[in-house]
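Next, two complexes with chain A in common: one pairs it with chain B, the other with chain C.
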Partner chain A sequence: MRTAAAIAALSALLAVFPFLATAPWVMTIALFTLMYAALASAWNLVGGYAGYPSLGHAAFFGLGAYTEALWFNHHGIGAGLTPFAVLPLVGLAVAAAGLPVAWIAMRTRADVFAIVTITLLFVAQTLAYNLRGITHGAQGVAMPVPDFAPATFERPFYYAMLALLVLALLLSHAVLRSRLGLALLAIRADEDKARGVGVPVGTAKLGAFALSVGITGMAGGVWAYYLSFIYPQFAVDPLVTVAMVLMVFLGGRGTLWGPVLGAFIVAPAQQYLAYQYGASQLYLLGYAALLVLVMLVLPRGVLPTLGDRYRSRQRRARTLRADVGTGVSADTGGDIAADVAGEQP
Partner chain B sequence: MSAPLLEVRGLARRFGGVAALDDCSLTVRRSTVTGLIGPNGSGKTTLFNVVTGYLRADAGQILLEGRRVARPDPARLYRRGLCRTFQQPRVFADLSVLENLLIASGRRRAALAGPRVRADDRDRAEALLAEFSLAGLADDPAEELSYGQRKLLEFAALLMSSPSLVLLDEPTAGVNPTMVRTMERHIRARHAAGTAFLVVEHDMNLVMRLCDPVVVMAGGRVIAQGPPGDVQADPLVLDAYLGG
Partner chain C sequence: MHETIQAVILGLLTGGVYALMASGQTLIFGVLKVVNLAQGALVILAAYLSSSLFDAFGIDPFLTVLLVAPAMFLLGTAVQWCLLRPLHRSDAPQLSLLVTFAVALGIEGVLTLVYKSDYRSIQPGYVNRSWTVAGYQVGEVRLAACLLSLATLGALALLLGRTRFGRAVRATVQNPTAARLLGVESGRVAALGFGLGAATAAAAGAVYGMVYSFNPGSHYDLISRLLSIVVLGGLGSLGGTVIAALAMGVVSALVGALVSPVWSDFSFFVVLLAVLLVRPGGLFGARLRGAL
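Take a look at the complex of A and B:
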């Protein structure tokens, strides 16, 4: 019940946010935060549940961006809200493109998988630079600037990103409630054993990967339309991957809300610092420091760590109650029980 | 007479200069508990790995119920009724005890899109947990189980698929005497219900009272097989164990 209420409150807040904060720079930060929350949730499907740490997701972000931009250049009908309407098709196209990639990359595991996927990212970036006939290389691709009112220009993009976040969370939730979710957790725990008990591991991994990169590509599409001008180095940017991974690790891998929490912490901070200190890349030092800190202090992320602490506290309280109840070590038990009671908010 | 449950012919597998399996042939008949013994390094676990699709054979054939298995794959073989345990019990530590059984129900690809827990799977899983006296632990994470309990859980999970042949790799190694008897009781119960077993085991007392026939491997090939009493008296076997 409390979870449902919290989710409802958060949804309501995010839905009315554009009417509370109207300053364009705040809206920009908010929409990028939502984008990263959607991206991190998407990454979590592969990197969190299945335990395959992809470093190549930015390639699919870029693929989505280019698909959206080129589509509207070739058909010349990019105006108003229509570019949002084709996003599902962009997502399907990117997911389809991800299947053969995953089929090859997911034959490797762990570190090797990370290396294969980061290689993919640089291959994609090189292609974006060099397939000039399609991408115009380093000149970039322009999309028509939408004719939204300047004062509320960010609003449609904000809601598009919010819709993507909701989609990513609903999909993650559905995956967790399905047999696919169970299969992914088994694969993460011990893939060879999973094969030995009949789990169709290939299909499960491909399915998770396709869902994940589909959402990633759609986020890339919204991003392209928002900027209305895309360059290879920003469309296929290793830092996008790094941010996704960092947010998931901070919030908690393999949890539904961890990636969202991670994105809500990291993305506004990064955007705000970039806004304050211009285009300097100082925030990268912050990324590095945060990653080291997470690895040292919260290797499993915020949410799992809090969950563990809560459970162990409950367990302690339960054993203490049992001890006190039976009169065994009632003195010390009572003292600690008082401590525990005092600690609780 | 119908084809044997499992037949391997002329299996070979080399690791560099070592021939782990060398022209290895053996047969497991229906409704038997076949023992597989041999000194360390004689190729028993390699044979398990090849038969269950974890390792490719360099040569030879595997036939399951008379049909050749062209490209052995653990998941497909599992759904065809052939499964195995591991020397070190392997359970999904993050999943609950119940989920460890649910995931092993051997459902096909299409079921991935279905619900996480199907009612019929849950019923089967709960019956098995009761049979193995693990019902009280159903919702605990598998990582909290003792070593012996993990062995039981790994075995119980395989039964979700109603296998025709279970390969047990040292089912009682490293567990206490009570657990050895528990494991033996479960194997006997399942054997009585029609499941066949191929058991690698170093506890000779257990092998001699549980298994018939007994197959002896040495140097990657089968050197003797037959009823436990005959095998025990075979000079070749004594030679392999004592090193002549």
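Take a look at the complex of A and C:
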């Protein structure tokens, strides 16, 4: 209940934002931040909850972008809001395309899953370059430029990204409260044991994967319409995958808010630096250094680490209070129970 | 027919080079149980180093291996010791995978800064010479590369099979806990194993740079091929890796010659999916542990 309220509060806050900050460059940064928050939350469903690190999500982002772009390639100038209306279909199509690959890739262990997905990324990029009849290869695909008012041009895209983020959060929340969520957490803890006690591991993994790549594909669709021109090297970009992984690990994988926090830290910084210095060669180094740093120093991410700090401080305060009040040491048992309850996501 | 046999010859020679690259990968997986996503980037890094040495001092690319290999060995050891060893035990498998990915990106980033992203290749005078044997072309560089690969693989096999260090490595591969109980310093073995795997990338890089043109982003292409080979060979089996590399070399050369060069890249992915579908353990992966 509290989580649902928090999601509602955050989305209300973000919905008001375009009226507070109107400068186009701020809106652009905000739009990409929301996109990455949605992407990271989507990645978290598979990489965080189920513990299957996908390195190929950029392939599905690109697939969504191409599906959207090709759909509207032949329409006249100014397709207006229609391209947003077809996004659910784009999501479904991407999820359907992802299922067979996931079915094969998830038969074995997480290592092999990572191998197949990173290979898939490369294959998707090569396909985008070489299926010239469909994708026009390196020339790219154009979409109609929408006839939105220039002053508020970013707004529809911003709200579309916001809707995707809210969708991703609500889905994650619903998944966590359902049997699917339990199954995913059991898979992450010990897949063999989970299968042994009758958890439908295959279905759970596939379900999470389909949801995850569906959202990723829809984000790709909005992105394509916003740029109105897509090229293979940007539509299927390994950096998108890296950004998702980095944001999830920075914020805290397997938590609802971790990926959002990670995206809100990394994406604005990256966009701002790009505006100020435009040194895109430095992205890679920055991402790589930050990723290694997070793995070594904060392997569980910011949110879980801060949560632990907070809880242990609270416990110490309570122990002190109890000591002062009764003169005997406190009820450690109750605290441990509270901690265990607090560990539940 | 002539075309087919020519493709098979080319494929076997290319496969020899793949075997060298993938054997480093397999060694690292065997010792650390980590899929090293940086192996492709290490090969590309070595290719750039060889290329620079050749351009600056005119050192023959095959001889640069002697200089590059120790550097790569140190780099590999450092990566294991500084980045992989300190990882938290409970999450180590997933985290190490991503750390090696980060290392790959870091190498790509540095190479892009230093060399820009233009394609280049190593061009010694003999790079395009070839012998004609019974009507079939055999490129000198490819043949020498294949021989170098075989020599390196042989040296690796001797090192693993005949030395004390090799015995420690094999013990660690088979059962890390038992090896540690018997006095193997598993930390050191892991670091040296990673270094050794990286050192094979030095030889592979020099050869790769002569046969293909490359840029800092080439490692994605390379790593997908290497990983397909490693999965086909059964993760962790050195013999399986060599056979898988030769097989994939031939398959992709055949597809390239008979269908189209574009689709030869896909043969790797198709074979990878087919293997996972039919034999998830790979061709020789019945014994996942102890196959080195």
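Just so it is clear, the second predicted complex is superposed on the first by the 302 of 345 C-alpha atoms of A that agree within 3 Å, B and C clash if a C-alpha of one lies under 4 Å from a C-alpha of the other, contacts with A are read in each partner's own complex, and residues count from 1 in each chain.
Just so we're on the same page, a residue touches a chain if its C-beta (ideal position, glycine included) is under 8 Å from a C-beta of that chain, and two chains touch if they have at least 3 such contacts.
Everything quoted here is computed from the prediction, not taken from an experiment.
Chemist: For A:120, decide between first (touching chain B), second (touching chain C), both and neither.
Modeler: second
Chemist: Would you check which partner chain A:112 touches, where first means chain B only, second means chain C only, and both and neither mean what they say?
Modeler: second
Chemist: Mind working out whether A:210 is in touch with chain B, chain C, both or neither, as first, second, both or neither?
Modeler: In the superposition, A:210 contacts neither chain B nor chain C.
Chemist: Taking the superposition as given, does A:30 touch the first partner, chain B, the second, chain C, both, or neither?
Modeler: After superposing on A, A:30 lies clear of both chain B and chain C.
Chemist: More residues of chain A are touched by which chain, chain B or chain C?
Modeler: C
Chemist: Which chain A residues come up in both lists, the one for chain B and the one for chain C?
Modeler: Overlap of chain B and chain C footprints on chain A: empty.
Chemist: In their shared complex, at which residues does chain A touch chain B?
Modeler: Listed in rising order, the residues of chain A that touch chain B are 176-183, 185-186, 188-190, 192-201, 203-204, 207.
Chemist: Under the touch definition given earlier, write down the residues of chain B that touch chain A in their complex.
Modeler: 52-54, 73-75, 78-79, 83-84, 86, 90-95, 99, 102-109, 111-116, 157-158, 160-161
Chemist: Once bound in the complex, which stretches of chain A touch chain C?
Modeler: Chain A residues touching chain C: 51, 53, 55, 101, 104-105, 107-108, 110-112, 114-116, 118-123, 125-126, 130, 238, 242, 245, 249, 281-285, 287-289, 291-292, 295-296, 299.
Chemist: Considering the complex alone, what residue numbers of chain C touch chain A?
Modeler: Going by the criterion above, the answer is residues 35, 37, 83, 86-88, 91, 93-95, 97-99, 101-103, 105-106, 108-110, 112-113, 220-221, 223-224, 227-228, 230-231, 235, 262, 265-266, 268-269, 272-273, 276-277, 280.
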